[in-house]
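Both complexes below contain chain A, partnered by chain B and then by chain C.
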Partner chain A sequence: MSKLDVSRRGLLRTGAVAGAGLALPTIFTAQSAHAFTNEPTGGTVTLGFNVPQTGPYADEGADELRAYELAVEHLNGGGDGGMMNTFSSKALQGNGILGKKVQYVTGDTQTKSDAARASAKSMIEKDGAIMITGGSSSGVAVAVQALCQEAGVIFMAGLTHSNDTTGKDKRANGFRHFFNSYMSGAALAPVLAGAYGTDRKAYHLTADYNWGYTTEEAVKSSTEAMGWDTVAAVKTPLTQTDFSSYIAPVLQSGADTLVLNHYGGNMVNSLTNAVQFGLRDKQVNGKDFQIVVPLYSRLMAKGAGANVKGIFGSTNWHWTLQDEGSKAFVRSFGTKYGFPPSQAAHTTYVQTLLYADAVERAGSFAPCAVAEALEDYEFDGLGNGKTLYRGADHQCFKDVLVVKGKENPTSEFDLLEIVEVTPVDQVTYAPDHPQFSGGALGTCNNGA
Partner chain B sequence: MDAIILQILNGLDKGSAYALIALGLTLIFGTLGVVNFAHGALFMIGAFCAVTLSRILTLSHTIIDETQKDFLGNPLKVEVPYVHDLFGQATGDAIIDWAVPLSVLFAIPIMILVGVVMERGLIKHFYKRPHADQILVTFGLAIVLQEVIKYFYGANPIPTPAPAAFKGSLDFGAMLGFDPNLIIYPYWRIIYFGFAAVIIGGVFAFLQFTTFGMVVRAGMADRETVGLLGINIDKRFTIMFGIAAAVAGLAGVMYTPINSPNYHMGMDFLVLSFVVVVVGGMGSLPGAVLAGFLLGVLESFASMREVIDIIPGINQIIIYLVAIIILLTRPRGLMGRKGVMED
Partner chain C sequence: MFNLNKKDLSLLIIVAVLTLFAPFILNPFPAGSAMAQFNAGYPDLMQRFVIFGIFAIGFNILFGLTGYLSFGHAAFLGVGSYAAVWMFKLLSMNVIPAILLAVIVSGLFSLLIGFVSLRRSGIYFSILTLAFAQMMFALAYSVLTPITGGETGLQLALNDPRILGVSQTAEGNIPVPGLFGLEMRDSADLVIGGWVFTFNVGYYFCALVLLASFYLSIRIFRSPFGMMLRAVKSNQQRMNYTGLNTRPYTLAAFVISGMYAGLAGGLMASMDPLAGAERMQWTASGEVVLMTILGGAGTLIGPVLGAGFIKYFENIFSKINDNVLHSWFSFLPDGLEDAVVFIIHPFIGKGWHLTLGILFMLVVIFLPGGLVEGGQRIRGWLKNRKTKDNGSASHETNPAE
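For the complex of A and B:
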């Protein structure tokens, strides 16, 4: 009979060796079995659609989700194929992605950065999503993009308009199809100068957060370059609902133009208040007073009702475009859901097709291979004419639409009319442009 | 000078909404001793009464117009409101145009019913519970109500314009001898201010000059003694809850042309209204009205560019700053009863 002699030191040593031994196979498994995060191994591949399902942008999120479901249907060979028929690349065959059937999971961003990160993290870690896409806010896009970079998955941004998404906060794993504040300013300024002249005094009301700042800067610099003078730029709290105390002093300032750098509920309320105050019926400096809304969305215009009539703004895409890609998408979406798609639906649908196409062309789901396939990729047939996914900052460059609130709408969807399709050359800028300075793309991360 | 007059006007108009909501809130606290965080939701439900009546008045049948095409190239479906069929196009359009003022009549019985059901069905079970429990349950109720509204009406704001006759603005500046356009104010906001004054006056008159009001006031001062006199004070307090709900609801109805209603509008006003009640004095009706207008005017002045240039960010904190100062120096509020909030 032997005596078991257990010492504290011996126990620790034995435990450490045993622990290392047990951990060793796991470490090797993790490194060797998966070359990158969530590498699909079965017959399916999972995409993560992270959209606002609750909160103030829930309607916009619902439209994004409809577009994602339509894109998945088309990728798997269902429906009429939509824009896959007009897309210049013919890599997509309607048999999923690389032969794997596409399935999806959804998350709720709530239009809050922390909630959006949590839902994206859950989709990556629990559901095995290989790509995350969606969102209706730049704050959310920047936060989720950073998360995807760390996790080693591709992020295809949804509706995000701040310069920073592909400026100081750009990431190698993140890609944006939507246009940005700089492009809005560059497209709008010549149209405004043509309609209202070059001798104008502008008063800016700006939402007090990142997107507001970049939009104000972009519109200010573009209009000032055309000869306009900026009388004042006032920040308004994001939580503001009644803008009367900000709008009332506008006429006293001597301004003859009000620029509302607001989006969503802020824009609906500030525009409604400005029209209530009768600003558009006034004459200042011998000119009719005018209001400008740099970023329009149809869903937002609906909230503002008749107040949008005759007011200029810019938009990424509009369902009345007559190119073959837009017509195919509107037909497909309209037949399925009974109404035309919004610009949020368009950009998310396109992002899904672009991701799938890049995987097919790369022949791999590996994020770095996909990123390489997307970088400096030129395509057409997806609704905005010839488009370049610039490799230097992962921003899409394409024509930008200048629109105006329609005077006599024929339906609740027919609220905006396209005034000008601004050519891509006019909205292109250098990657090191001051409005996009700071930050670096970094290197692509495959994760795992 | 013109800028000061303009911001006073703005403040009075903002203060009208604060005062109306805070009046109901403090009325409930004064009578039932309940801190009702669902009161903002009543404001929101009132606004959606206007949206609902507007939708009822625009209920339509569809006719096919072969001469026009929809976005898919099919013959256009044109919606024709039933009121056109019933009253002719001109009268029908006028009825639709006046949807918001008509909603005042529509909202009163609905809001009283909502208030009574809310009090009898849920809140009365929390009278003897701590304030923390009351806050939790009413805040939860507010979230449920806003999610219900979002489910049926969506998350986007819904435009609900004022009648065409009240569009545009009045040039106060020209009336006071200033240059034109210096002091302009929208007609509907002037109407809102007048409406708020009538409602506030009505509530005070009701409490001051009716037997019912006298009993309620007596109950607010000493509930136990009134009960010992054989008066069913609980029943009267339930009715007061209904009246408070109607006041908040009417404030919401008339607010719809100022800002397009959305499911979140109650929460937007709730915190501010609580601050108003605390500053005015918990349970004090004149205090709520005074503090509503005072904070409305202060908020307007703090939003002036000249003020923000001197103290950046003051527009975002002014109301809370005042609340902190009041709580530190006079915990019972401007017109609160001695002892309330001073323990």
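For the complex of A and C:
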């Protein structure tokens, strides 16, 4: 029989060791202790603004960031409130989101999917961001959207125009306010038919990547439905800076219209080359030669200078719109920064407000609750008229602007004029439209 | 132990301790404090440290030993990622087959590219590898879109025909990569006072792979094969004149380092199941050259340090914005605060390239042997001081590895 010798010191020692042993597992908290990823517990909530700060779209990224800062200011009750006053939903009180003060972190996407995902991941894992937004390219938007789906946070897309973002690559946790290639084609075609007739022969130059393909397809099918012919569609490398060798064959092809499915620097260069070649002074098939740019942005128009005069394109929003929402936004943006906002700034500002509003209405930051509040939500007063956030693919449906390069610009910001506001019905499509087929939303993910 | 001499063994142990305790080492500041901005101990960045460490170790086997400067190594990393993601899509979400296929495919690619490129040496070799890599980038970005996903990258989808395993989980989401049921994304937090330390499954998996690759690289460095590669670096012509064919050796080194890159690519895809073409761009290839030179080319641990250094700047400095600066310097009077922020502004946020560039220049000018040389100088200085204190004069310095 062993002798159990209990000394006071021995008992204390054993007790202390046992206590520490019992306490040890409790300081390890698995991340599933929260109801959803990054549930805000203190008096603040953190949003992640992931925009290109370096690389080809740095200008747009800078403008997006300005808009985000403005949105945060307005959400926290600062400034003049901007579009919060014209927004049809009155859930936002100017006291943060659900009473929590809004903070933000920023990151650089570099317009590379890898870098964008790394930056978004650090926002989620390190800074505890509850929502990620931003980006100025569809590749980045799709990549970050998939990441947010996996991690269980909401993604509010920035400037992304490819059909795939809410088509083939759509995700339940991702939402897009910006319009898309299909809408550009559907809005442009009738205006082009009205201005240039229905028996044109079009020649496409397309940037050789995903966005280029969907835009080419959208414009092609919409214009062909109007009676146009597509003579040829040539892919150009994304890194191309001199397009002369692509412009020369256009005239020999017998085409009388050139469609430039290019964006950013590509478009600036290809349009400049085309104009320098004198395409617009030519007569083909008894008609004046014309050039069309499906997606316009003010920054591109600035880059191409006088070459954009009279050239048709489409855009999501323009600061000269005269509705109350746009006026309020332009006023507060202009007061803060001294110049009017771009369409990238507009869509990111609106996305932030829409997210905050959805959280207020849902009464929770849980991604699934927010997604449910956003789905099939109709709102007004945010600059594009009556808008629907469709639940089937998380795409916003609203009026699309057809614009034209202004003949006599009065300032460096006044480069485009609105030709027509295409009503939403004309650009609406079925969720299973062939140009958007092949993807599934899946189910929303609350994360850990 | 492990057939290593004492010095190499202690190096391996140091690396092992550093990687295993990285969650503590990289999170020196309490979570709520202003300095928390500089914490790097979150899973994604820790994974990146070790993955790029592996990439740089492999690159160093080629560049550090043979002196052949490949400017297209990112291509193998990209190929590895694509192979791994395809394995996830078609076979199973287990990371083992994905990584194996990544290593094999990148090995095949490097065999092919190495066979052609190694016919030339010096700058011509660099240009050839650069051309191949850019070609592969261009193919992945556009022509091969059905295989690579083009600009948007190759991703998992809800309807992938996965042979072993389900296409989607019960909740209707895409399954995540794992190791026999252990999910790579899983983390546990350890909270001690104000500090939060995160232990991530994926990170420790990568760390073990890093240790294995580091060990393999030590063995290669110390082997007769490694000696042959060093001989190629010092004078390839003389070796050829003695009647020795160096091509098989250089090709073997090229393939090994290509497979290391593929391993890194496969790991990258296992941590985050997406493969984008940007991974193969020439800037990515240049980055690994920078990592190796910054850390110390030809040294064992240098490339790992260099990789960590560059990734730290990319991920931490790029996230500091003016707001953060204002909160740091809010104790200064208003005018002075704005002035200080104005001066620092160009070096943070989007200016992280600038900061990194300046540091790179300083390292190359003052420490041509990279960070490793810096470490050696500090050690030598400490030793000198100590010996002076003791009054004895032993001026033995450690030779570079």
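By our rule, the second predicted complex is superposed on the first by the 415 of 448 C-alpha atoms of A that agree within 3 Å, B and C clash if a C-alpha of one lies under 4 Å from a C-alpha of the other, contacts with A are read in each partner's own complex, and residues count from 1 in each chain.
As a working rule, a contact is a pair of C-beta atoms (placed from the backbone, for glycine too) under 8 Å apart; a residue touches a chain by one contact, two chains touch by 3 or more.
Bear in mind the structure is a predicted one, so any value in this text is a computation, not a measurement.
Superposition model on chain A: chain B and chain C are shown accommodated side by side without a clash. Once the two complexes are overlaid on the shared chain, A:G442 sits against chain C while remaining clear of chain B. When the two complexes are overlaid on their common chain A, residue A:P237 makes contact with chain B and with chain C alike. Of the two partner chains placed by the overlay, only chain C lies in contact with A:K126; chain B stays clear of it.
Contacts of A:S113 after superposition: chain C is touched, whereas chain B is not reached. Contacts of A:S411 after superposition: chain B is touched, whereas chain C is not reached. In the superposition on chain A, contact is made by A:A58 with both chain B and chain C. Closest approach of chain B to chain C, taken over C-alpha atoms in the A-based superposition, is 6 Å. The intersection of chain A residues touching chain B with those touching chain C, taken from the two complexes, comprises 54, 58, 208, 235, 237. Against chain A, the residues of chain C that register as touching in their complex are 39, 42-45, 48, 138, 141-142, 145, 150-153, 155-159, 168, 171-174, 176, 185, 187-192, 198, 272, 274, 276, 278-279, 314-315, 318-319, 321, 323, 349-350, 352-353.
Here chain A touches chain C in the complex through residues 27-31, 53-54, 58, 104-108, 112-115, 117-119, 121-122, 125-126, 137-139, 142-143, 146-147, 149-150, 162, 164, 169, 208-211, 213, 235, 237-238, 439-440, 442-443, 445, going by the rule given at the top. Touching chain B in their complex are the following residues of chain A: 54-59, 208, 232, 234-235, 237, 239, 241-242, 244-246, 248-249, 251-253, 265, 268-269, 272-273, 276-278, 281-282, 284, 299-300, 302-307, 319-320, 330-331, 334-335, 339-340, 410-411, 413-414.
Chain B makes touch with chain A in their complex at residues 2-3, 6-7, 9-11, 13-14, 17, 68, 70-72, 76, 150, 154-159, 161, 167-169, 181-182, 184-186, 188-189, 257-260, 262, 264-265, 268-269, 299-300, 303-305, 308, 315-316.
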